[in-house]
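Listed after this line are the structures, all set down as structure tokens.
Two complexes are shown next, each including chain A; its partner changes from chain B in the first to chain C in the second.
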Partner chain A sequence: MDDDGGRRGLSMGQIIDHAILDRDGHRAGRVDDLQFELEPGRSEGDPPRLVLRAIVSGPVPRPMPSLLGGIARACYRLIGVQDPRPAVVDWSHVKAIDAFVHLDVERVAAGLRRVDEAVLRYVGKLPGAGRE
Partner chain B sequence: MNARTKASGRKHPVAALALGVLAGIGGFLDTGGVITAVSAGARFQFALLWTVVLGLVGFSVYAEMSGRVAISSAQPTYEVIRTRLGPRLGAVPLIANVVVHVLVLAVDLVGMALALQLLTGIGYRVWVPVVAVALALALWFFNFSRVDTGAALAGLTMLVMIPASVALSPNWGRVAAAVVHPNISSSYSIPGYLFATASLLGSFMTPYQFDFYSSGAIEEGWTGKDLGRNRIVAVVGTLFGAVMTMAVMTAGAKALYPYSQPVDSILAAARPAQVAFGEIGFVVFVVGVFSVSVAASVELCLSGGYGVAQYYGWDWGKSAPARGAPAFNLVFLAMIALAMIIDLTGVDPIQFTVITMAFGSAALPFTFGPLLLLANDSQFMGRLRNTLAVNVVASIVLGVLVLTTLATIPLLVITGGNF
Partner chain C sequence: MLTYSRLRGLAVSSDDGQPRGRVLDLIVAPDGEDMVVRALLVVPHRFALLAGRFKPRPKTTTIPASHIAAIDENGIRLRGNDG
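On to the complex of A and B.
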């Protein structure tokens, strides 16, 4: 997957901001940011290579001015997300990209359902929460 | 998307038609629509009937476009807006809409409470928390679709305004002329007239219709084959709402205008039905106000949830149990709580309604603009992209709404929120 040869021509806009579906086709947030890494060139004298490492998704995914970031984190804590930070999912878990970004992992295990899970902790206890 | 798989068995044509008619009634005529239309009739007689035509055209064009975007992308409008515009630009329509949703929800809760006050004699402030809790419980415990359908059917009592307007025997020639010809008599205050225009447009074309409409279409599992139905639903639903609005305004003009009686209470708003059919007319009207407000509240709650959940990529869906889409459910519970708090601060319900409707129209370009851009994106819409004719009409409507948006705040300052 490190080799981008097979994905030539894929633009940032085709990945970032897209909704994510997990291996079961369940909603798993949006691609909020991407993580790259600079690797040394293949051989001596080659320029360093930029390699896509991971997709980032979830609460406060990008660095923000401290005040705004603080407000955002406080809002997440208010609705029950104790540790508001995004999930980082290795690029090797990306199976396909179309209107959605498809992963081969399960959303809760990958930390991609942090907000829904946090809210579920109290909302799920209310009577009638399981009604169809 | 657990919702989509669940809903796939429900592609009954009557259900789909109900979705459109419900969207039509709820959006064209809720408490805000009724109060604004009666007020406009009482203050400007027939002179604002033309706004219904503009509202009808604008709503049909954008509702159909919204359904088409949903069908061609298999994603609801706000989902697509968020994906294509990114987190910052995508937040603009979201924030504008959620703010307006909460305000309109406050209007509809107060509408239910005022209706109950008229029927029971107990003050509406007592009823506000009662209806808020009842709405939350109904949405929580019952299938959303059942609440939808029930409220929509009960809302048909509003049809009483059509025979009421006939019974008040207006000069139909003048009514017909006013429908196609804007008429600003010198006796009217121009800022008041323009502010009323903004309020009326906002009460016809509420942005929540669009998340509700397109998310509903996705949940009902619409496909390309449903395009024809999409158009019929958009037109039938809005036509129905438009006829009702004209009836309310005409009845208001006949029963209140000659006496220069301003609509300063729900009692005054109920006056035309009462003049036409006595106590029975009064009761049927009040039941109608209550029901259309319930229907509109359901749509507002759903669309607030849709908008926020789709922005963040959370689970959403009215067919999902609360455990399946917890944050989506939390959003609408929070909206109901906020709307209730606004109502309990002691705002004047009638003035608050008229001002909220004006803000509603000011928020429209933030949804319509991106929608028009998306519907012209050939890479994304393929052969379903807008035709030239649709673009011309849509651009004219958008132009008028942008002017309205720019004028809303100055007009609000000049008129103080009164017609």
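On to the complex of A and C.
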């Protein structure tokens, strides 16, 4: 057992719910979950490695009970998100982490704006939405 | 693929089935090109897991990720019983 040596590193609990900024510095949602891949050890006898692969952000990012998940997906469809799935951004696009998680991709290209765009379309249809 | 939300709260047990606690958090660090889990922060029971959401520095045991033998839906199994 290692009492403190293993603590040197980045705590994943501190990344969850961090705001994401895209390459242009625009807000692109929050980190809702993280994906890991369990790789076998590099040689025989080596322990398996848990490798951080991606950030998950967007609608219904975590498995939900079928009824709740169904209601959540129906709500997203109501506002115009036809395929309510979260965006998965490869960890290689993460350039820095401070108060924000900085990406090197543009937020629309990464699929991080689908809900926002749907809400804007919905709000834009409301009477008086175009007025100053 | 394993997700953080799924790993958090998983039961940790030693090779002989002795329960060690539940995963509160994961610590990652660079390993070459990859970011690799270096340690599991484990709390002794489910209630401590809940308390960990509200306490800034909950009491945890750090288990090096090199002690992981296997991960499945039943939890994380460590090598040997000294994990």
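The rule we apply is simple: the second predicted complex is superposed on the first by the 112 of 132 C-alpha atoms of A that agree within 3 Å, B and C clash if a C-alpha of one lies under 4 Å from a C-alpha of the other, contacts with A are read in each partner's own complex, and residues count from 1 in each chain.
Convention: contacts are C-beta pairs under 8 Å (C-beta built on N, C-alpha and C of every residue); 3 or more make two chains touch, one makes a residue touch a chain.
What you see is a predicted model; the values in this text were computed from it and never measured.
Colleague: Give one of first, second, both or neither to describe whether A:Asp98 is in contact with chain B, with chain C, with both, or with none.
Modeller: Neither partner.
Colleague: Should A:Val115 be classified as contacting the first partner (chain B), the second (chain C), both, or neither?
Modeller: Only chain B; A:Val115 stays clear of chain C.
Colleague: Tell me which partner A:Glu44 touches in the superposition: chain B (first), chain C (second), both or neither.
Modeller: Once the two structures are laid over each other on A, A:Glu44 reaches no partner at all.
Colleague: Determine, under the contact definition given at the top, whether A:Leu34 touches first (chain B), second (chain C), both, or neither.
Modeller: second
Colleague: Once the two structures are superposed, pull the chain A residues common to the chain B and chain C interfaces.
Modeller: Shared contact residues on chain A (touching chain B in one complex, chain C in the other): 16.
Colleague: In the complex formed with chain C, which residues of chain A make contact?
Modeller: 1-13, 16, 33-38, 47-54, 56, 61-63, 91
Colleague: For the complex, which residues does chain C have touching chain A?
Modeller: 1-8, 24-29, 31, 34-39, 41, 61-71, 79, 82-83
Colleague: Can you list the chain A residues touching chain B in their complex?
Modeller: 16-20, 25-30, 32, 57, 79, 99, 115-116, 119-120, 123-124, 126, 128-132
Colleague: Which residues of chain B touch chain A in their complex?
Modeller: 1-2, 73-75, 79, 82-84, 86-87, 90, 140-141, 143, 312-316, 321-323, 325-327, 329-330
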